[in-house]
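These are the structures in question, set out in turn.
In the two complexes below, chain A is the common chain; its partner is chain B in one and chain C in the other.
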Partner chain A sequence: MTGFTIGRRAALAGAAACLAAPAIGRAQGTPAAVRIGYAISKTGPNAGGASITTIPNYELWVREVNEAGGLRLGDRRVRIEVVEYDDRSISEDAVRAVERLVNQDRVDFVLPPWGTALNLAVAPILNRAGYPQLAATAVTDRAPQLGQRWSNSFWLLGTGQDAGAGLAEVLGPAKQAGLIGDTVALVSVADGFGIELANGMRPALQRAGFRLTYDRSYPVGTQDMAPILAEAARGNPEVFVACSYPPDTLAITEQARVSGFNPKVFYTGVGTAFPLYKQRFGANVEGVMGVGGVDAASPRFQDYKRRHLAASGREPDRWASSIVFASLEMLQQAIERVGRIDRAAVIRELQTGSFDTVIGTVRLQNNLLTDTWVVGQWQDGEFYGVVPTRKQGARQPIVPKPAWRPT
Partner chain B sequence: MSGTALALALAALLALGTVPLLDDGFWLALAINIAQYAVLATAWALFSGPTRYISLATAAFFGIGAYTVAVLGEALPWPLVLLAAGGIGVLVSLLVGLATLRLSGVYFVVFTFGLAELIRQLVTWFEVNVARSIGRYVFVDITQPQIYWQLLGLFGLLLVIGTWLSRSRLGFALRVIGEDEVVARHAGIDTARVKIALFALSALFLSLTGAVMAPRWTYIDPAIAFNMTTSFQVLIMALLGGAQSLLGPLLGVIPLVLLFEVLGANFPNHFSILLGAAFMLVVYAVPRGIVGLLARARRRAAA
Partner chain C sequence: MEAVGGVLFSGIVLGGMYALVAMGLTLQYGVARIMNLAYGEFVVAAGFAALWLFTAAQVSPLLGLLLVMPAAFLLNLMIYRVLLLPLVRRARSPGALETDSILATFGLLFVVQGVLLAAFGGAYQNYSYLSVPIGLFGATVTANRLVALLFAAAIGTALWLWLARTRAGTAVRAVAVNPEAAQLVAIDVRRVAALAFAVGGAMVAAGGVLVSMFLTFNAAMGVVFTMKALVVVIMGGVGNLMGCLVAGLLLGLVETAVASWVDPGLTLAATYALFLFVLILRPAGLFGRPAR
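Right, the complex of A and B next:
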């Protein structure tokens, strides 16, 4: 990133100009380093999510690739050089940082920011510049249209609607087996993903023959969950569902435990899959359901978990973490198969290729990853995927959930 | 500003219009950022400069403009969308102005601070309970150069209006209000009406800027549109430059935008700390703004 690199770059460009084929000259020469850039929320409201799910994986991947000698381009190994910025959780800053990465730093690849809003904000730039975008932390109901609109963009975390609808796949059979009744209390955070999740749940639960005894949303940043939980518990519902964000997920679980609210199914939203959740509630997590899940028994995941822990001192979360890491493995395999810095060819490979990753073999359909875990459950201290039920590694759900234990 | 100075400034804006032809990537993005804050800070100073009413409602009007685009962007042709954004901004500013501009001092500051949050919560309530989704997609065919040119256009318009204002009875009335509101009232100036008119004019430009910028982000939710940081940054830029003259805010915008850029690019992990230090330095070293600094230098040269 110093004068040395710039000088080398200029020399390369000069040599290419002599050949009167600058674009081809630059694309096919093996560079001294593969420059990879990202703008990520190190500060602001997104910093929590980014530091749990995204940043440790970016750092782990870069370190592992470089320890192995670098990315394999043809018969050479080329080390990764990182350029990173803070987008401060602001769309405009993310836009400018990615413009800088693409046009000033001229990085070879860009890793996406954290979250739906910022991924959408930078998508037009990456599309115009022809950079692949592996959005592993964006959940949006428009994912199918986005993949069509920007053919360089890949949406790996599914849609909120599907995630919500997935819950009915557990509850329907449980009701038929007589394990639970037909009453559901639903609370949801008044923000993008919380609403999409709830929107997916309502019709699916209705089709499965459930009745909503309570359906209320609360503003982002609500601190005191006691009133809303007391109201939800009043009808003594068999199933309690919270389409919540991490702070509320913790507050709701704590409040339910303290007030002895023991529905037969207890579901909370984003954050249920965080290691933090288990640290906070210990053995009481047993039977709690939530969005996400992993095939925790697979040796690939076990190995990944160990490496993640060793590198960052923390376990990965059990929802998007492994998908973020898988997206990096996909990028790496696509680049190595193409064998040179040719972004258009890498995008084609991502669209059509099959990749071996920590979440198993991945093949994208219409730029989407379709069979991700949508419902998981804490069982024996691990957050296993339970829906889709046909997916390899799917666990049988524990219904009813054991009652909260005093701690 | 004199007629010649205005003509020179407008010619300079025309010349700056060629930036997108030279670079349509990073430099254009930086130019858009400077132009955005130039319009915002100048529009803010249009009202707050002469009246000395500190408004923190910038984010509210900016957000109204951006959100109007998110709602109407795909339904109406672009000029009508802009018209709607400006119209709603003016309407809200009139309502707010009627209710609050009889207040003064800290009451006004506190109210404008709450305004952005109030509107954000109203929009959120509507989206959750009526539209049943939060977060809207802005897919309109507006290119980055077009955004830049619109911002330059807005800035040019602001300079023309500001110059006219400084020579008009309205502008004179405003300055009297800024000096002493009681005197102004006794001199027969309808202070409330003058303040409301200027507040609405300022709000018009703030809302239009939000509308023009919205297509840059593709996705807009209330938290993105009504971001309080906008209010504070604009305030700081205008104060650094000098809110009493038309081109004063620009002198604060350019160095601060560049400073943000340099800090963000080189010290991504220490941005906030360095920014805080920079602000403290500004307050201690340039308490009367860059315009004040220049005036002092000129005085000293004359003496």
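Right, the complex of A and C next:
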């Protein structure tokens, strides 16, 4: 209730300030509204990922902040005003839209686009303009260098190398315990993240004493996985790994299930952590591993999941969704600690501060979020984080995975 | 190395899907002379219709065909009448109509995509129907792919019979071969073109419903289908149903064989190599002259 009163008073005060003397209002650093802009892929090939992982979180966050009266700047609450564009999954469009947000719309903060490529594309502009960039859906092996080169940019989803190498941390001990043999079949999509993930995996698996019985890549958009799966299954590998994208992840799992291909470890890439995956395969998801994971038992995540479901009608994905939301909480806390629209100060706060978020307490190191979940596994209908093994909430992996059941 | 039988079978199933998705375009482009760039969007729209019928009303996609195909027929007839007929009227040459129709359907693409996005959002969609394994000739495929292939064959045969054996079908073929001469034998070319466009639209919808049973799709994926259909149609010979079928099967077989025996990474390269090879040998496509 108090939130509402304060909110209305702030809005009235803001409106009055605007009407009477906008210049003075600005000079004191208390604008009528905090303008936040973003360009996001509503159409094009990125739309599938953006509308699962990013857009619902942006909308949820703005709504929750505004329902609480707005961002707290000093002793006032200021509502968020959104400027939104569709980047059509095209780098040039994303760049143009962000330039427009900065130069023409003069928004106070810019939220990043979805995906690695577009985050890389807009990074130079945001750097030049001095806007913080919290890249929560970008995975790139160059993240450490990027965080150094552009001190305003923060890379929250780790590197493909780490994500790939993480799997060896599960497989190595399982092999030593005699649970699995040493043969691995690896397929990967011939595109950005698929390549990085596979590149991270190969040396780590080799170091852990595994040998690859099959190692092939396929083009983006491959619609029939039957021949690839048949070839991969030929050597009867103990471990099957697919560094795949969402449509392939579903097609590969489907084909493995119907052809009765039952390796002891079954790992798929992007999309394994989507609610759609569980919806599609039901009880058969048990034991499937994939990139990502959450500390699903934590009350913070449970609460977030409920709010996300209520706001968008869908559950969050179990990889980057909660990190996107955490990045927004970080931005909010940094702005509120600074207490005014001062982007340089907000960037400094993001670099050094400690933040309380849905994924726990976050403190960035050299502009990187270092301890994200890299391997998760479906257990009892929830996609739990498994690696890093020492991270709070890590589950023991189930190896071997139960065989596919007929549905 | 996978057995020849398995590769052949998987290849035919995949190729049948390509042919199915391309059959509508060959009618629309070959007879109605409309290069429909919104083609893939209509495939996806039909997929969404099937998804919606299946999840909201528990109507099986195969029954859904009975609903979706007539609806698509009417919708496409309307689109032709309202949007494309003015272009046909003012076009001075087939070339001018082609350019105009490309521009108009390019706009239509965004309208359909926008409607789908507003109605269903941009997220990936998928549902499980007839997802049981069937083992034949040493390959395992899902029943839904097989059923889609059989339905595609049945619908394709029906279309072929209609074109070959009925008066209306003969008129359609006449227009495909030579629109000017067709007028001389009292064929109302515009009506026939409208009919062909609408029948093509119904075929598109059938393709969309059938592939939605086993593919993961979202509102932004139309262009993938447009591209594949274009390759198949141009390779087979524009306006030729048999060419469409042969080209589709050829592509499916080559992709599967390359994925099994050479390297899955080379499937795209193989597709386009085959496409180029065919066009070099026969610039008008496998079944050259637009007929039937």
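Definition applied: the second predicted complex is superposed on the first by the 379 of 407 C-alpha atoms of A that agree within 3 Å, B and C clash if a C-alpha of one lies under 4 Å from a C-alpha of the other, contacts with A are read in each partner's own complex, and residues count from 1 in each chain.
To be clear about the criterion, a contact is a pair of C-beta atoms (placed from the backbone, for glycine too) under 8 Å apart; a residue touches a chain by one contact, two chains touch by 3 or more.
Values in this document were obtained by computation on a predicted structure and should not be read as measured data.
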Partner chain(s) touched by A:Pro397 [first = chain B, second = chain C, both, neither]: neither
Which superposed partner A:Pro219 touches (first chain B, second chain C, both, neither): both
Partner chain in contact with A:Gly293 - chain B first, chain C second, else both or neither: neither
Touched partner set for A:Thr116, first chain B, second chain C, both or neither: first
First, second, both or neither for A:Arg96, with chain B first and chain C second: first
First, second, both or neither for A:Pro237, with chain B first and chain C second: neither
Contacts of A:Gly164 with chain B and chain C, given as first, second, both or neither: neither
Touched partner set for A:Pro132, first chain B, second chain C, both or neither: neither
Touching partner for A:Arg142 - first (chain B), second (chain C), both, neither: first
Doubly contacted chain A residues - partners chain C and chain B: 42-43, 45, 190, 217, 219
Chain A residues touching chain B - in the complex, by the definition given at the top: 42-43, 45, 84-86, 88, 90-93, 95-97, 99-100, 102-104, 116-117, 120-121, 123-124, 140, 142, 149, 190-192, 195-196, 199, 217, 219-220
Chain B - residues contacting chain A, complex: 23, 25-30, 33, 121, 124-125, 127-129, 132-135, 137, 139, 213, 216-219, 221, 223-224, 227, 229, 261, 264-265, 268-269, 271-272
Chain C residues within the chain A interface of the complex: 1-2, 6-7, 10, 13-14, 17, 113, 117, 121-128, 131-133, 139-142, 214-221, 224, 255-256, 259-260, 263-265, 267-268
Interface residues, chain A side, partner chain C - complex: 41-45, 47-48, 50-52, 55, 89, 187, 190, 216-219, 221-224, 226-228, 230-231, 234, 246-247, 250-251, 254-255, 257-260, 271, 274, 276, 280, 314, 406-407
